[in-house]
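Shared between the two complexes below is chain A, which pairs with chain B and chain C, respectively.
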Partner chain A sequence: MDPKMDSGFLKPGETLDDNYDVSRALLPEEVVGIMDQLLCYEVAWHHGYPLSQTLFTSIYIDRLLWPPSDCLSDAQFYRGIRPMGLHPLLDVLRSYCIALIKCCDLTIEKVTSRDYYEEEDFSTHTYNRSLLHTVPHDKVLELLRSSIEWLSNSRNRRPSEVHRTSRELEEALINRLTFRERMLLAVAPEQEILDLAAVWPAVSAALPPLEATHSLGRPVPDSFSEKIQRRLASTVPPRPTVDFTFAAAYTKLVQLCKDCEDALRVLEITTESPQEHLSFIWMFSSRKPAPLAYARSCLSSVFLARTTEGFEQLIQTDLSEFVFPADPVLDPVNFTLEAAQSSFAPQDKRLAMATIINEFTGRAAPQYFDMWNSLCQNRCRTRRMICNNIPFIDDLQFATEQLDDELHDLTHTMRYPLSTWVYHMKLRMVEWVVQLGFEQEVYLPDELAGMYWWLSQVASLRASVIEQVYNHLSRRHEILSNGGEIEKAETIRTTQAFVKALMYEATGTGALADAMYALYMRLHYLQLVPILSRPYSESSLRYELRMKPFLRLNPPQIPTFEAFEEATRMPSGSQDDVFAKYDVEGSVKEAKEAWAALKRLGARAAKSEVVQAAWEKNLASTIQSCIACGIAASTISNIPKDAGTGRVKEMFQVEIPGEGKRYHDWWVVPKIKRN
Partner chain B sequence: MTESNSPATDNLRYLQYDISKEEEYLPSIRALIGKDLSEPYSIYVYRYFLNQWGDLCFMTLDPSSVLIGVIVSKLEPHRSGTFRGYIAMLAVVDKYRGQGIATKLVRMAIDAMKERNADEIVLETETDNAASLKLYERLGFLRSKKLHRYYLNGNTAYRLILYLKPGTGLKRPERDEAGMAAVTDEMYG
Partner chain C sequence: MDEVQASAYLSQLIGKNLRIHTNDARMFIGQLRCTDKDRNIILSLTHEYRQPSEATIRQAIVESGNPTAQVPLASRFVGLVVVPGQYITKIEYEESIFSRDQFVP
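After this line comes the complex of A and B, so read on.
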């Protein structure tokens, strides 16, 4: 019998029961030790490991939950009548455990209220055990508070008798209960929106005393058992316990609290601006280490918790931030009009416009929601979900063109405003897929040139779309200011600044991608990037696989394979000619100018004010990438004309830095050293 | 790895699995693959593959017929509409590694799937399994996506894909085949 395979079976003489006595008296240092071990398991659980391999290995937790009890007073370490002389510290431990279980219950409730992926993000399996789901959390708070009070009183009652260390230990116990109380408050469901901002800082503030007093605890390993897994209703065989050290768990817990706190800063966005939210969500999900499922659900349960009408409204706002600022098309009055009773009466144009817009937002809402939803997932999921969404956005754009035609008959706005808005969103999504591909090291070194080439095309295309919108806004601004409509003109000015920010971002992306493409082509020419032989694959099939998410798009049509091959073929000719053709310097200059212009425009214009610091840091890293790209290019210039390939290879060391080792994860600038 | 401490590879035999050989080989296949897994598969997982697609499973035997390498795969219509090959398991005994044995096994599996008209071949491997990534990518596989915490032990994976035929990326689901293939992929991937 393979013991690894069959760990669900008992060894001869082994029983399912643990011989640990949960009613035995505990020393205060043991209670601290148990609480700290529970905390480690709680953090491991937050990291995606199942309860069975973490908190449910605690015999104390097990006794509280099994056999199941309906009310709080039944959830005891014993069942039935309270044993005589039960040590009061056991009540303290019980309060802590009950509150911990309630925290888990509320955590699961929050995470499952939005899309998440079982095990990948988070494990919600409770093996048929109710985590005190029916017990109101304020009852649990009362319990915690009474334990805190008991500890505080006992401290006051017998000051002289108490040994110094147990004084410290009592304090340590109070610290732990206080932390648990605040944690429970933070995950509690009925927080007033206004209080939300304060709950996580309060938890964070309760953490340092835990770390400071951890060494006072004494572990009680016997009170945890892997065997409990065998009694849990589960189809998988028992697996090893997941052990985080206290130090590791502590660091991760600090991070979790900070992430939750920052996630809720989304409430600082006082406008309904989708673009502000977009920036916020990107900055949040780009944090390192990546925010855990719970922290992400704090954000998504605020932002995504809207009705379909809510998303339709959001689309209107989004339109007003791009193609329709202060535009009669979105005039609120339009949406209050009633259809004329008689079909002979002329229809009100405003009503007709409102009907078109309603039809559009109704149609676009599911795809629009999907986009936001994908941005709230873990980064790997984000990329995959956007890949899946893109074809639907493509269909949407096609369907929207007809609505644009109808709209055009009613008002003198720009040509194709709605489909332009969709197109812009689609191009952005294509860019995200490629950039997340760089981030996640999906592309091998010899694919980088081709993927930056494609990115550059998409971003340039997007820049030209934005330019059309900008020109339209400029015309409207002129008309309105000439007509003395100052307020409307001002609204358009603000939107123009934002559209300009988008434009710089698109041109900066396009130019830097172009520079990266050119740099990698020069490196290929010098044979400094390893190329795989790939006996089992053809380049046309690899191109098809790479472009799979975009194969059917129209627009943009993907380049033909011939065009791709032409662009990425190993350059030949003299070094001067090749270096002139692949103009890294020119593109770096252009990129730097665009990003610098965005910086001057500032976070406010770019609708990133709430995340200004992160926005600036992101921009600075991008500019660093431009600089590094230029430096890489200059390192490989000045190669003696007569240097053969062999010598060139000896002259340089090229390292392609992995995720986290770059200035910016979207820009894989090679590190080149001249020997 | 130096020549001196790695066993010679010239007298190795490669052969296709056959269900009639279950008794002879299944225990050693399980042992070889189970050795490197944190979560061993049950015997049903092995039988699921070997009994249906034994001809897509290849073994390497040393001169005394001891199993030192194995590849286990399957081939069936996938819900995406493609005829999809899937490499489920691959392992080579420690001391024989780094000598191209796995590469040869993968080549045999690819050839067999090509022969049977596969559109594509896919597999997952942990993002930090350098040997595995290197050998597949050298043959022509590309990373198509990253799968966060894909394995039970919490490790993240890449999905690798090799297209064998043009037009594979444009194939679409055929309604009546939805579901099944996907489910088994999730179970045994």
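After this line comes the complex of A and C, so read on.
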């Protein structure tokens, strides 16, 4: 029999039983040690390791869960009659373990309530063990509180009764139980929490005492066993236990609490503004280290938990923030009208408009939901899911044009407002895909020039779309303020500011991408970019592969392979000509101006008020990337004319920085050093 | 038995509950999915059972004071498994679906 293939295989003389006696009396420092070890395993589990290699290695937890018990009072370290003289500290440990198990149960419930990827994000497998799922969490809270009370009372008793427990250790135990109590309150189902924003700060506040008193504990390694895995419902042979040191686990736990707390700051967005939410979710998912599955599910279970009607409403708000501010098309009155009974009666225009908008939102809602859902996934999934969604958005745009024609007959708004909105969303998604590609190092160094070239085209296209919307808004603003409708004019002005912010963002992206393209082309000319030899691949097929998510789109139609080849071919000619053709400095200047203008407009105008600090930081690192790009260009600018390729290669060291080593993950500015 | 009879005999067992004993004193109970000429057997929805260790039996006797104390078989669910033919010592067929219940603790 093969021990690698057979999880139940025992070596000669080996038994399944552990020689650890769970009813033995424990010293308080041992209880602290066990609790801290359990905490390390819990954090490891949150980081995606299976329960079998973490919490389920604890013999105490195993005894509570197996054989299975239906009610809380049956979940004991012993089965049947309570042994005589069971040490009271074991009850304290039991309360802690039960609360921990309940926390795991509620965590799994929360994570699985939204989209997640098993084993990629999180491991929900419980190996056929029920994690006290039927026990209500307030019963567990009661149990915890009675243990806390017992410990606090024993402080006042005579020393002999408290089993020589020193005051410090008692405090340490109370700290751990208090932390567990707050954690349990925080992971409870949302509808049972009164003040969602307050629960995670409370958990964070309970953490420092754990670290301070960790040194008091004494580990009990015997109470954990890898062997338990042989008794779980799994065909996988035992794997090594995942050991996080307490210090590492503690840092990660602090981060987890902070992420959960910040995820729930989404509740601070009081307006139903989709753009506010969009920048919130982007800022949240771009955090480093990346938020764990649980923190992300905290965000998505608040934000995505709305009905289809809810998303349709959100689309309407989105439209009113872009193409239809204070527009009669979205007047709430329109949606209250009923069709005339008689077919001879003239049709109400407002009703017709409402019908068109309803039809549009109904059609767009699934794709719109998918976009939000993909943003709430892990970073790599976000990119893949957006790639998959783009073709559907393309179809939507095509279908919307007809609705736009019908709408145009009814009202004198801009041409194609609805499809413009869809088009803008699509272009943004294309940009995201390319930029997340840079972030995730999808592209090789010699492909960067081509991808920045494409990015700059998409961004300029988006800028021109936004400009049309801006012009339309300016016209309406003029008409309304001349007509004395101050309130409506004011609404349009706010929207104008936002559209302006979008425009700066698009032009800034376009110009910086252009600068990066030009910089990489100059480096190609100097043969400073490492080029892989690809004996078995063809550049046309590689191009098709990179453009795969966008092949079907129309608009924006992807450039033909010939055009791409033309743009990225190794430049030839004199150095002056090449450097003049690929104008890095001009583009950098343009980009800097656009980003600086966005900065002047501020987070409020850009609808990123709730995440202002992160927004400003993001902007600052983008501007730093602009500057770094300019510096890189100037480093290679003054090369003596007679220097051959060989000498140029000796003169410079070019490093393409990896993820995390850049000013901004989306801008791969090469680091160039002159020797 | 000729080949036709043999395959007819084996085919009728497919999907039926079998008890397979192995030479390390374990028993697997699950539905037969397939088998081959080496007597390798694939079972689905399988439970693994093993004799309780001597220490457990001794402890049960001490605790109950009864030398004929009953100790349940240790069992767990393992799902879809292959049992290599060379380790199989006995194969039993469960006649009734109800008879299975007494093995599940």
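Note that the second predicted complex is superposed on the first by the 654 of 675 C-alpha atoms of A that agree within 3 Å, B and C clash if a C-alpha of one lies under 4 Å from a C-alpha of the other, contacts with A are read in each partner's own complex, and residues count from 1 in each chain.
We take it that contacts are C-beta pairs under 8 Å (C-beta built on N, C-alpha and C of every residue); 3 or more make two chains touch, one makes a residue touch a chain.
Nothing here was measured: the structure is a model prediction, and the numbers come from that model.
Touch criterion met: A:T235 reaches chain C, while chain B stays clear of it. In the superposed model, A:P67 makes contact with chain C only, not with chain B. Once chain A of one complex is fitted onto chain A of the other, the partner contacts of A:Y536 are limited to chain B, with no touch recorded for chain C.
Of the two partner chains, neither chain B nor chain C is touched by A:M84. Once chain A of one complex is fitted onto chain A of the other, the partner contacts of A:N128 are limited to chain C, with no touch recorded for chain B.
When the two structures are aligned on the shared chain, A:M570 is found in touch with neither chain B nor chain C.
Residue by residue along chain A, chain B and chain C are tallied for touches, and B comes out ahead. Of the two partner chains, chain B is the only one touched by A:Q440; chain C is not. Interface residues of chain C facing chain A in the complex, by the touch rule stated above, are 24, 26, 48, 50, 53, 55-56, 74, 76-81, 84, 87, 105.
The part of chain B that touches chain A in the complex is made up of residues 34, 39-40, 42, 107, 110, 127, 137-150, 152, 154, 156, 158, 161-170.
The part of chain A that touches chain C in the complex is made up of residues 1, 7-10, 15-17, 67, 128, 231-235. Against chain B, in their complex, chain A makes its touches with residues 2, 4-5, 47-49, 117, 119-121, 236, 239, 378-381, 383-384, 387, 440-444, 447, 532-537, 540-542, 544-548, 551-552.
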